[in-house]
Structures are given as structure tokens and as C-alpha cells.
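Just below sit the structures, each encoded as C-alpha cells.
Paired with chain B in one complex and with chain C in the other, chain A is shared by the two complexes that follow.
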Partner chain A sequence: MTHTLLARKADAPAPARGRLTVSPRTRSVIDKLIGAVVVLWGAATAAFLAQIALPGDRATTILNVRSGQTQLRTPEELAPINAEYGLQNPIVVQYLDYIGGLLRGDLGISYQQHRPVWGIIAEQVGATLTLTAVTLVLAWLIMVFWVTLTAGRSSRIRALGSGVDTVTAGLPPYWLGIILLLVFALGLGWFPVIGGAGANGIVLPALTLAIPLAGFMGQATRTEFERSLDAPFIVTARMRGMGDLSIRLRHVLRHAVLPAVTLSGWAIGSTISGAVIAESLFTRPGIGRVLIAAVDSQDLPVVTGIVVLVAAAYVITNLLVDLAYIVIDPRMKNS
Partner chain B sequence: MTILDIDTEQRTNQLDSTPPVRLSVDNLNVGFERHGSVRPVVKNVSFDLREGQCVAIVGESGSGKSVTARTLVGLTGGNAVVDADALRLGDENLTALSPKRWRSIRGRRIGFILQDALVSLDPLRPVGKEIEEALKLHGWGDRTSRKRKVIDLLTSVGVPSPENRSRQRPDELSGGLRQRALIASALALDPEIVIADEPTTALDVTVQAQVLQLLEEMKQRGTSIILISHDLSVVAHLADHILVMSGGEVVEQGSAHEILTAPKHPYTQSLINAVPSRETRGTRLAPATGVAPVHTAAHANDEHAGFDGPVLEAEGLVKNFTAPDGTLTTAVNNVSFTLGRGETLGIVGESGSGKSTTARIALALDTADAGTVRLLGQDWSAVPETKRRRLRKQISVVYQDPLSSFDPRWNVERILLDSLPAGAFATATARRERVLALLAQVGLPDSVVHRFPLQLSGGQRQRVAIARALAPSPSIVVLDEAVSALDVSIQAQILDLLVDLQKEFGLSYLFISHDLGVISHLSDRVLVMKDGVVVESGDADQIFTRPAHPYTQELLGALPTLDESHTVAGASVSPSSSTEGQE
Partner chain C sequence: MTLMHTHTTKTAPLIAAGIVAMLALSGCSAGGSIAPAADAKQLTGGTVSYGHQQEPACVYGGWIEQAYLSYQVLDNLLSLDENHKIVPWLAETWQASDDQLSWTFTLKDGVSFTDGTPVNAEAIAYNFDYWANGGNSTAAVWLGGYYESAEAIDDLTVKVNLAKPYPLFAENLTQSYFGIQSKQALETRTEEENCAAPIGSGAFTVGEWNRGENIELIRNDDYNSAPANAKHEGPSYVEKVDWKFISDATTRVSALRAGEADAIYDVPAIEWESVGEQGYEQLKYITPGRPQQISFNTAKGIFTDENLRKAFVYSLDRESIVDTIGKGVIPYEGNGAVSQSTPGYSEKAADAYSFDLDKANKLLDEAGWTERDDDGYRVKDGETLDVQFPYAAGRIINADGAAILQGVQEQAKAAGFKVDLIPIPASAAASGKYSGEDGYDISVGYWTSVNAGIQYIIWRQNLQESPNPSNAAFYNDPALEDLIIRANSALETDEQNALYAEAQEYIADRALSVGLYDRLSTLAVNPSLKDVWQESSQGGPVFHDAYFVG
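Showing the complex of A and B:
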């Protein structure tokens, strides 16, 4: 069987109808989904192995975390904990239980709070996702405005444009957040010092994360933007009587944003886990603070849960980025 | 010139029944300012464009012809200094217009067509949207009526099933269809003047003929045309008046008849002589240049000198490709040929005819699905690459665009040193001498060794590419569209060089081109390819004087010639299904 297949391959290309009848597009969607599952499984496994690798007896750790004390425990004390978390089982069984739980949407029980991790995350995740979304929107608005305004102008304005990109991309968010807090919240009093749930309270935390991101995306967009400005189809549009601003917004921008779209996929994931800076600075609820607290107290199921969640966010946004690519550049549908 | 003068002139013209002047250019000067000094690029250009007439501006790249055209729509560039005694469009003074006023003229009163619609239309949008944009910008109609107008426009430029085509992007259309779409976008508001800047460069010859035919019809309907080209033969039958530009100056201008039949300026004469054709075979196309190729004896390739059979034999070549959607295309179908020593075999065909794939198989860069190639009587395509390596230096290649085949960070010396066969030269001095000898053979001075590809002109770059191909002293050089991207005057110099090198070294050329003129100038024998099949082959004389196959006849009919009375045959506005299939 194998032999005849190989022989045919060597003789002549297999006729088209002899191949598996899956259209290339379906095939690429299936490939992407398989890839996504593999990434999630890898993240979950890595998080699990990190738990195993930590020194010390885990049941003891759990008891100590709950009681806030550090002491040795007797086997009688440890037995119910081992039974509750299945720690007496071989590691393979623990792993399979853990993966099985994930498949059912069960992230485990928090050591410290003694309740499902899923519940803890669910309480906080909304605030972080809102912050991430607002950050991304603001970053895009700032970036598009600044690049459209300065790219492809006189050499002095161009230098200013890319200079600002570089400086903002390098700003430490924590420092930037403090400056924003001092100027706009304490000084001018435009925004609340402690970020509440209101729309007003999200502006400064989002800006703290959005400004460096905008600079970063601006650097990637600017090069493409200036290249597209010289393209023959832009000359054609001018020859049609189109004004400069329309050309920048309607033709050039679409050609220039692909690198920034790629960066956005990365930025969504990193903003979810990096939101802690803005959250602690502006005392906002959110997943970032939960993560820091959980790491401090060695509440491993919570840490693992958040790691898996961030991995899932990465996977989903990268699938969305692939979709956005095709919407922006339809030529990619065929490649 | 004052308004009064123009009035008088117009009156006189009307008495003579010459059409009225639409655009008047008097003593136009354009320069580009840099670091405080102005570099002039257009000097003292004057002409009148009349209703229903065509003024052609001819010259090579850098002659100032495109700058002139762009100045006429106010898009010369940010640091340009424009000065003219008069620049008038009807009663509009173009030297003192606000940007807003300019925008209302562009597209509405003056349409502009650039070369190759693949890059001149937004590659991300359907062509219908681009055409509609021209209407929308000038406030033409509402959404529904604009959509209808787009369909009408596409129909009027001969695009079949325009509803479907308008929803496709440039890359989904064939070269001819997308160029028509580009023309439709320029014609959207029926402008009185259309400027066409190299509108047929990079197009196949039959598509070029269709585009020229379309321009001819526009002219007959009363549109005035400014046609810009580096090639006199392209403008010959359309132009009423020709300006020949060189170095920013108009070296000669006059009626098309005068310029084409009795050119006075040597530059015009050289442009006319530069057009290759069957009649120019064996003659030189370019006047002798400053650097003559140096004749050096050593083409150190005696190993196979005694071999007197065909240097290259291809037998029954077949190559299939699988498209992304799983359909199978046969790019090359049962192609056979032989190439004798010192002979030139031309392979002519349009894009997609399989001629370049044939070349790749001959070079053993691609494997055929069936058929064999023998090089100097030895197995070539059928043996593994390790066995081929010994013969590799016998066959080399020159491509259309050398820029993409040079490492931009290597200078000319390093490019050429790299291409010398390993171990052929014992010392570094010998290798360096060989590089200088190669440069001399292709007519380049020693001083170019330290230059980088981007610092060379198109012609110089192609000479370096030829020197690189000659470095291993090959028996065969494959020339894949090697002169297609060059201006006709530079092309003439390179063709002369190729003839010289062939004579001197007894080289065999496999010459691949879409340009019948070039093929007929150079080839001893010709293969005509269409859709992967050889439709006709034979002696060049036979093919060009007594073409047997209808496709060869169509190609020959579409070939532009310097004969101004000649209207392009075989080119109807509605494309025949044979040349304009769906892509």
C-alpha cells in the first residue's frame, strides 16, 4: 500500500481529485484550531509542572496559607487536605484530574480562600477586560492620529513624529501612571484619584497603558505609512482630485496598519497580565491584583488559573488578528 | 503670451479650421530645490494641446517628461519650483490655483493614467470602488446612479461582464482588464484632457495594442491626449505632435510626420534607430558609446570547445502546477527545442505562456514532470544536482530586474568575485584582474567596482548582470526578459552588446521575451508559445514574414511600428476570448 503510493508520487503528481477533499480554507481553520488547543494544553501543563516543582509539602503549604502561620503539621492534620486536593495520588493521576477539570471548566479550589478559583477570577476579570479594551482603543486612536498627522511631512515634522514614538514606547508605565495621577487627578482634578467603576475612572489607568503601546505601534506603522504614500495608486488617487487627508485616511492607513494589528494581538494578552501596574496605582479591582496576591501567598491554583486564562486570551486574540488580516488585505485569503 | 494673443490665435486657427487650443504651455521651467539650490529638471517646454489631438512627449527616464506631465495637474512635488510664461487650461490660469481649485480640476477636467494598474489601482479595493471614488470626489450623482455609471464606464472601455469585474480587485483581473479599469477611472467624468504616462509599459504586446486602440477612440470622440513614452514606436500612430525630450530640454518638436520621417536632431534619430525589428537584424541599434567593449581573448572555456552537437536539447518538457484551490494547471506542455552553438533561439509569448518556466527547467532550477534536457550532449535534467554541478558553469542566466538578484549590500566587485568559478584563479590578483576584464567586456569602466547596485543606472546594472553571467565562461546564456525593463535607447545599447559578446565568444542564447521586436532583431530561430504550448516554431525569417499560426499573426499585428499610418491590427475594443481569459 505504502509502496504503491510512493511509486505513484515519484512517477507523476497525484491527480487533484485523488487528494483529501477539504478546501484549503477549511483546512487552514482546522489547523488553527488544533494549534490553539495545543497552545492552551501547553500552558496548562507548564502551570501544573510549576506547582509540582515547588519545594516543600503542598498540603503543609495549603494549611499554612489558610492559617497564615508557618509550622510543621502532623499527618493527622494533613490527611483531610490530601484527600480534598487528591495530593496522595500519583502525579500522573493528579495531572489527569487537573486536565479533566479544565475540560469541564473547573480551575480547582483556591488554597487561601477555599473556594473555586473560577469564582475568584470571574469577580475580577470584567474590570481587567474593560481596562484592556479601553487601553487598546485609546492606543489605536492616539497612534492613528499621530502617524496621520506627522508621517510623510517635512523632514522636521517627521523627525518629531518618530521621536515622540520612540520616547513614548520607552516610557515605564509605572512612572507614566504617577505623572498622570499627579497632573490630571491631583493637580487639575479632572479625573478621580481612585479609579472607580465609572467611565471617568478608567481614563487615566487606560492612558497609562495606552501611551507606551501607541508609541510602539506607531513605530511599526510609520514606516509602512510613508512607503504607501509614495505608491503609484496613491498618485492615481491624487490625480482623481482626492485631498491629502482623505488619501491618508482612506487609502494609506489601510496599507499601513497590518504590523500594528499584529502587535495588538500581542498587546491584548500582555495588557491583561500587565494591567496590575495600572490597577494597583489607581486602586482598581482586576485580575492583575489577584495574580500578585496569589503569587505572594503561594495560592497556586489561582496562579495557574490566571495563567491558563491569559493563554486563552492570547489564543483567541491571535485568531481574531488572523481574521482581521483577511478583512484588511483580502489578497491573503488565497495565500 | 497675452490673452489677446491667444484670442487672435484661436480666431486664426478657427479660420484654418484647426481645432481650438485646450491646454497651452509656454516656456515651462521646473526645478527641485534642495539645500537652498534649485536643480532644473524641465527647461523651456512649450506646446499647445488642441481638441481631439494627441501630443506625445518622448524621452528616456530622467528626461523630465513625467515631471512635465505632473506639473500640468499641479502635482510636481513638495519642493518643486514651477515657473511658466503661461500655463492655461481653457480660461483657467494654472500657475495661480489654490489647492482646492486644483482638486476640482484633477479627475474632472484632466484625467491621468499611469502605467501598470496592478500598482496604480489600490490593490486592496475592488476596481469598481476606485472608479466610483472618482465620481464621488466630484459630487457626481447618488450611490445608486454612481454604481450604474461604473458599470457603464467599464462597458465603454470594453470590459466584459462589468458587474462581476467591478467587484474584483486588480490582482484578480488580467493585465488588460485591470488597465481598462484604470482607464475607466480616469475617464469617469469625461475629462477634456487625458494624460497617459507610459500607459502600456509592462503590458503584453496584444494588451498594449488594445490600450492604444482605446486611446485612439477617445481621441476620435474629441478627448485631447498627452501621451508619454520612452518608445517612439508606441506613440507613432496616435500622436499628432511629438516632443522629444532629453535632459529636461525639448531637443526637437514638430508634427508626428516630420519627427518620424525626417528627424533633425541626432538624439531623435538615435531613438528611431533604437527600435528593434526584423529589419534591424545585423545592424547596430545604438550609436557607439563612450566606453567601447574591450576585446579580450581569454574566454577560458576550451573544455567543451570540440563539442559540435546542439549545446542544449529539450525533449517533451511538461510542467504542472497545483493552484491553492486544488486545480491543476499545465504551465508547460510537451515543449521541445534544440539550441546550436553560437545560435540564438528566441522564445516569445505573453505572460502566462510558460516561457519563463521553460527557461527555469532548461537551467535545471525547476524539475520537469516529464521530458528531459541535455546540456552539451550530457544528461542534465535527469541527474541529481551533485552531478550537475560540474556542468553548472556552462549555462548562466540574466533576468529582467537585476536589482532583485543582487545583494544590495555587496558592491560590484564583490558581486563579480562571488560569481567566479571556485579554484579557477589561483591568486587574489588574478581574480581581481578577471573582474576588471569582465567589466571591460560589458563596456563598464573600472571605476564602478566600488559602487553598489542602487548607485548604478538601469543600463549599467544590466551590464553588471551580464558580466556576472559571463564570469564562469559559459557556453549558453539564458536571457529571461533581460532587456524588457529598459528604456528603448538603453535597450538598444544592451542588445548591441549581446550581439558583440555572442560574436566574440561563440555564445548560444536562449532569449525569452514578450517583445516580438526584440526577438526578431536578435533570434536565428523562434518558438512561439501560448498557454504552455509551442504553437509555431521555425526560422526567424519564416516566422516573421510568413506566420502560419493565427496567434503569431495576431502578435505581429499588435506590434507597434514607427509607421505612423499603421493602425494597430488585431486589436478590437472588446477583447477576444483567446487573449483575455478569466484569471
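Showing the complex of A and C:
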């Protein structure tokens, strides 16, 4: 987990030889920012190299994708495309152009859509972020409800609780999505089949992603939850006459959710990149679908643009998760 | 963890039972009649919600998925009717000169592009040069070797000069790759603008394009240039077409059943029958041109030997594979050169090979592939009888097609061929890596066209001075090229068809390419939407005549 690594680094005492006197907190922020930049640069480079390493010729790909063919192309056909996108330049030059563009905030022009990648991403990212947010909220609601209801009860209910966690965590989203679509959209007619951008249309796509996520987070939370239930301070609380539900919600949950918070940081990144299944099944716009189409057509500027964006989402959410730790666990304020 | 596993086994059947119950419940409520009332009247206006499968990057281009869309927005010079007859569209008359080297088109008067500029001879001539210079890669290969120049004679008369006679020239112009765009738009707008919303004189204009979701096609209220085979003149009855991109087949069919789509494209074979039984109108069009076929690499590898190519074909029971997977919806096609819906189709070429394992084995034995390894694959001088067979999964070969190729692999094994069936992503297929002489032993693919002239594009020799990378068999044969050029140039239809048939038989006799199945364009339409039809060059949906009843 990135955040733990970063957190450890931040906890380490400042080197004695340091000439500048920087407070540990500022130091930690600077470290994290440097880390973030390194991660972004690495992701951008990896995406670029992965695309360059693909077999075949990029100008041929661009032309074949435009015409729906799979043939070799003549140099005369390829020349204008090579010139337009600078593909005849050495790889190093192309790489420097690309990184230079990133630094200027220019992600380039799509090979297939003939328009700036920023425009493509800006147009699609809202729908994906909305889906991610709703997914996360639903996953938390389902998880908290289910864990609070079943953890630390009789052995039978506990078995049911953790069993459902395990099964849902392992459900393939595509299969789950089809079932949800056939039952709740086509069969019962409660939700539209093709989601579009409407509020009602987001429920099934979000559930498709949220149910396995809830199971996954539930597995992590349940153990901690049951351990906390036996902790001395809970016994004290019970002796104070507190009701079971409020103990579970106010004391135990707070202790038990830390692993799930960590997972949420990861889940935001993975939901953004994994949203494509829900997006294509329920015909929602979003960067997941754009990414698949771009990979399919080797639309390098779009692929690298989205990869950098997803990397940025990971970095930012992990920074936020670190902050959330401090809020949830007061002991961390002092460290 | 072990604890959890035991719990899982207890709860899994419960969950499964629940899901089955829910499915049963949903099955019950999905019935009901969808037919409109008997006294339903024609309504005016409305929006057609249409579910299409693939989303191209641009509206106009050289790919069939772009042709489907650009047909709605651009008019052609000519149209093809359902009897395969050329009828007027933007051009009222068309005439070849006596030497067949120039064509004169006279345009309809008073037609404008949606940017207000006139559809005149100058604009048409400009479009010809635009196509030939790569503005549309598919139009360019059709014009290649024939087109010389286009000139405006007067405001409404345009003359096109050819290098060789080509009586089918006018017919080829009915394909949507030859959609006419505003000259002003091509000259003054950015590439991005012409990609997303080309300007034509068609029944619809491109409204908002929400990428990944839909394209809005908005009625052109001034439309006065419908093709002669349209069911009515003047603007469309419906106000809008909401052209949705629904890539998943289950979702597409569900959207139709839930009433969220009035029409859908590409009904999967497995759903075809039930969709028909539920009362949806079904349209099926076998695209003419090259069918889904396999071509052998005749330049490198084992299939340079004609007898090995024949052995491979004899080892296959192609018809039974296609019937099993296609469930009677996908037609078997034996001809590798052109599909059964193409004029000049040769039955003889289609029937050249049938399943004969003994013959396959005999040919392989004679070629010296006498030993077999433990898995039953043939071996000669320590080498296995390997066949490299990559295919572009998803884009050129759909799920049904991939299952058919697996059948091919399985059947060829009985004769001792070790077929390496390699599904490759669209990007790799397009990259050229699998396209050269070292790329494959067998390649698979289709190419739609309106006549057997497609053979010229595919079988013309690939020479240094006139490269032809479309020649997937790498088969350079002046005799075959000459035969096809004579067919292209033949004036009488009977003579022409006889020559085209001869070319198909030439290809079959040498086992250069053999057919597998025909490519389909299918539609399913809600019965409350009337008069949706499939245009006859590629089977795309036409919404200009469509109207709702209720």
C-alpha cells in the first residue's frame, strides 16, 4: 500500500545533516509531493513505452483503423500520417515531445478523433467520476449495514455474514451486471436498460461495481469488527448501559473501518479503470469505454492521457486516505 | 480461510436459489403483446431510438461502420435499389461515352448542402479529387487504376475521365464511401469538424455527439434530394434519430424488449428466433462482395504447395460448422471470392470442395507428410505441420465467427494439421505485424462491395511499381488480373458475369481462397415503427421514410 510506505517515510526522523530546518510536517508534505510527481512520471513513461513496444507500425495502424482493414500499407499512403504525428522521428525525440507536452498540460491530438485529448477526457471523466462516487457510497452502505448486522452474532449468522462477503467479493462484475440488467431492468422494469446520464440509470451500473467491492471491504472490516467487540473498552461501554446498536455504530465501527478506508483509496483508482465493464454493459459514457476503444486502435495520445489521469487519481486519493487516517484515528495526529 | 470456505458452500446454494427465483420472476413479467392496435394511425414527428453496435471515431470514412452513419447525412450521386438497379439520387442522369473513358453526370437542380452552398458540378468534381487523394481510403482503392480527373462542364454537369473502361463505375458510386460533402466545408472547416459532423445534403444533420453514448441525427427540414428508391420525397417524417452505441449484444436486445430502443442492429444468432416470435420486424441483408473467407499465404510457408491448400480445404466440413454455430441465421458460403448475393456469383466455384478426409489424407501422404506425432499431428523431417492462423477478434470476426474458426481448427486436426488459431486485438490486427508474408499461413476477413469488381481490388498483382497490399494470398498472377480487368471492362452484363465467374473458378481451382460464411447486416424493429428499410449497397438502416404509428 502506497500510503503506508509514504506514511513510514514521513515518520522517519529528519536526517541530521540537513542544513535547512524544516518541520516534520512540511517535510512530509514535500516528500509526498515528490513521490506523487515520480509516480505520475513513471506512469506516463510506462504508458508511452508500452505503446511503443506494441508490434507493428503505428502509421499503418492509424490508417487501417480508419478504413477497417488489416493490410500492409505503401510508403506513399503512410507518409502524410507519419508527417502529421511526427512518427518518423526517433523514439527519444517522440518521448521528449510527449513529456514536454505533459509539462505544458498538452496531452496531444487523438489519432482517430482528430481533436485534443483534453477535450475527450474532460467530456467523459465526469460520468466516470460520478459512477465511482456512487459506487463507493453504495459499497460503504452495503458493507456497514451487513457487517453491523451480522458480525459478532451467533455462529450461524456470523457464518452467513462472512460467507456472503466471500461470495460477493468473488462475483465477476460482467456476470453480475447481466443478472442485474435482466432482473431489475428488463424483468421488473424498475430501472432503464441503457443508463445514459439520468439519475435512475446509475443505480444498476453502480451496484454492479459496488456489490463485489462491498464484499471485499466487508472481509477486511469483519475481523477487526469482531476483535473490537471483545475489547475492554466495549465491555466498559456495555457496563455504562449503552445499547448494542449504538455500541456497534459509535465505537466498534470506528475502530474497524480503518482497513476499509485504506481499501477505498485503492478502490477509487480501480473503479475508475474498471468502470468499463459497467459502462459498456449499461451503455454509459465514461473514460473506461474511451480507453478500451483507444487501446483497440492504438490511439496513443488518448491511452497515455487516460493512464496519467488514472495515476493522478490514485496518487490524490491515497494522499486523502492518509489524511482520513488522521481524522479517524486521533493517535496519528501526534505522529 | 478454511472456515470461510465451509461457510461459502453453505450459503452459495441459497444465493443461487434466490437468483433463479428472481430470473423466473423476471421471465414472467417480460411477456405481453407489442403489436400496435389494428386502427393505429401514422403519427408525425418523434424520435427514433436506434441501438447500434460499434462506434467509429468519425462519422465519415472508409469503414462500413462509418458508411452506416454517413448514409444518413450525405447523399450520393446514385443509389442502388432492391433489385440491384442503379437509380437517380443527386444525379438525374448518367452516361458513359462511347469509348467508356468518360462519364457524364447531370445533377438535380436546386439542391443545397446544409451549410447553404449549392450541390453543383464544381462540388462534385472536388469530391472526386478528395476521395482519390485519400479523403476516403476505401473510395481511393475503388478509384485506383481507373480514375484520372473530374471537371465541371457547366453548373449541373460533371464529367469524370477514366484511364480504362469500367462499365460498373456508376454502380460503385452507390456505396456510402462516395457520399458527397460540401466543398466549402472540406476547404474551410477543420479536420475535427468534418470528422464529427460532415456537411452533406442528406436527410439528417449531425447534432450532438456524446462519445461513448449516442449521436443525435436531426431532420434536415429542407431535404429535397431523396434517392429515387426512397418511399417518399421531402424531409423525414421523424424529427430525430437517437443513434445509440450499445456494444453489448445482451443489452442491445434487452433495450429493444424493454421498449427503450425502437430498432437495433446486429441481432445475435441465438436471439434471432425468439425476437421474431415476440413480434419484432426482422430485416436481414447478406452483404455482397467478399464473404468471410480464408486466404492462403501462397508466397511463403507450407501453403505455397497447391496440394496442401487443397488438403486443408478437403479436411473441413465447412457447411456443418456454419450450420451448427449459425443456427440457420448465418448462411454458409463456399465461394471465397464473392458472396451469394453478389451479381455474377459462381455456384461452381462455391461447390468446388466438399468434406473429404480421405482425399485430404492422400494429398498429405503424397506430399511426404506421412508420420504423425503423439497428438496426431503430421510430421515431416522433424517438423510439425503447423498452420499460423491469426484473426482480428471483435472487430472483423464477431463471437459467432470466432466459434466457427474454432470448428475449422478442430476439423483440420483430424487430417493432421496443427492450426494455431491466434485471436489478436484490433490494434495488433491493424498494425501490419500480422499482414505481411511472415504474418500468417491463413488469413480471414471480408470486404463488402456492390459487385464482383471487388476481385480487382483483392487479386490485382502486388508489384513494385503498383503495390497491392490488399492481395492477402500474396498471389501475383497476370492471367488472373487480366481476366478480372476484362470482366471489369466488359460491356454486356452476360459477358461480364461469365468472366467474373471464370475468375472465381480460377481462384477456387487453385484453392487460393475458400469461403466460410456470409456477412450479415441484421435489424430488429419494434412494430410501432414502420418503414425502416436497409439500403442495398451494404445493408445499413434507412430512417428517412420511417414513421411511428399509434
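Note that the second predicted complex is superposed on the first by the 279 of 335 C-alpha atoms of A that agree within 3 Å, B and C clash if a C-alpha of one lies under 4 Å from a C-alpha of the other, contacts with A are read in each partner's own complex, and residues count from 1 in each chain.
Everything below uses one rule, namely that a residue touches a chain if its C-beta (ideal position, glycine included) is under 8 Å from a C-beta of that chain, and two chains touch if they have at least 3 such contacts.
All of these numbers come straight from a predicted model, not from anything done at the bench.
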Which partner reaches more residues of chain A (counting touched residues only), chain B or chain C = C
Query = Where on chain A do the contacts with chain B and the contacts with chain C coincide?
reply = none
Query = Along chain A, where are the residues that touch chain B in the complex?
reply = 12-13, 15-16, 19, 23-24, 154, 231-233, 235-243, 251, 254-255, 328-331, 334-335
Query = What does chain A use to touch chain C in their complex?
reply = 54-58, 60-61, 63-74, 77, 80, 110, 112-115, 120, 123-124, 159-160, 162-164, 166-167, 178-179, 181-189, 192-194, 196-197, 279-286, 289-290, 293, 295-299
Request  = Flag every residue of chain B that touches chain A in the complex, lowest number first.
outcome  = 73, 75, 78, 99, 103-108, 111-112, 114-116, 119-124, 130, 133-134, 137-138, 169, 171, 182, 185-186, 320, 322, 324-328, 369-370
Request  = Under the touch definition given earlier, write down the residues of chain C that touch chain A in their complex.
outcome  = 3-8, 10-12, 15, 19, 22-23, 25-27, 29-30, 51, 55, 57-58, 61-66, 134, 137-138, 190-192, 195-196, 210-214, 244-248, 250-251, 254-255, 257-258, 260-261, 392, 394-396, 425-436, 443, 445, 467, 469-470, 472
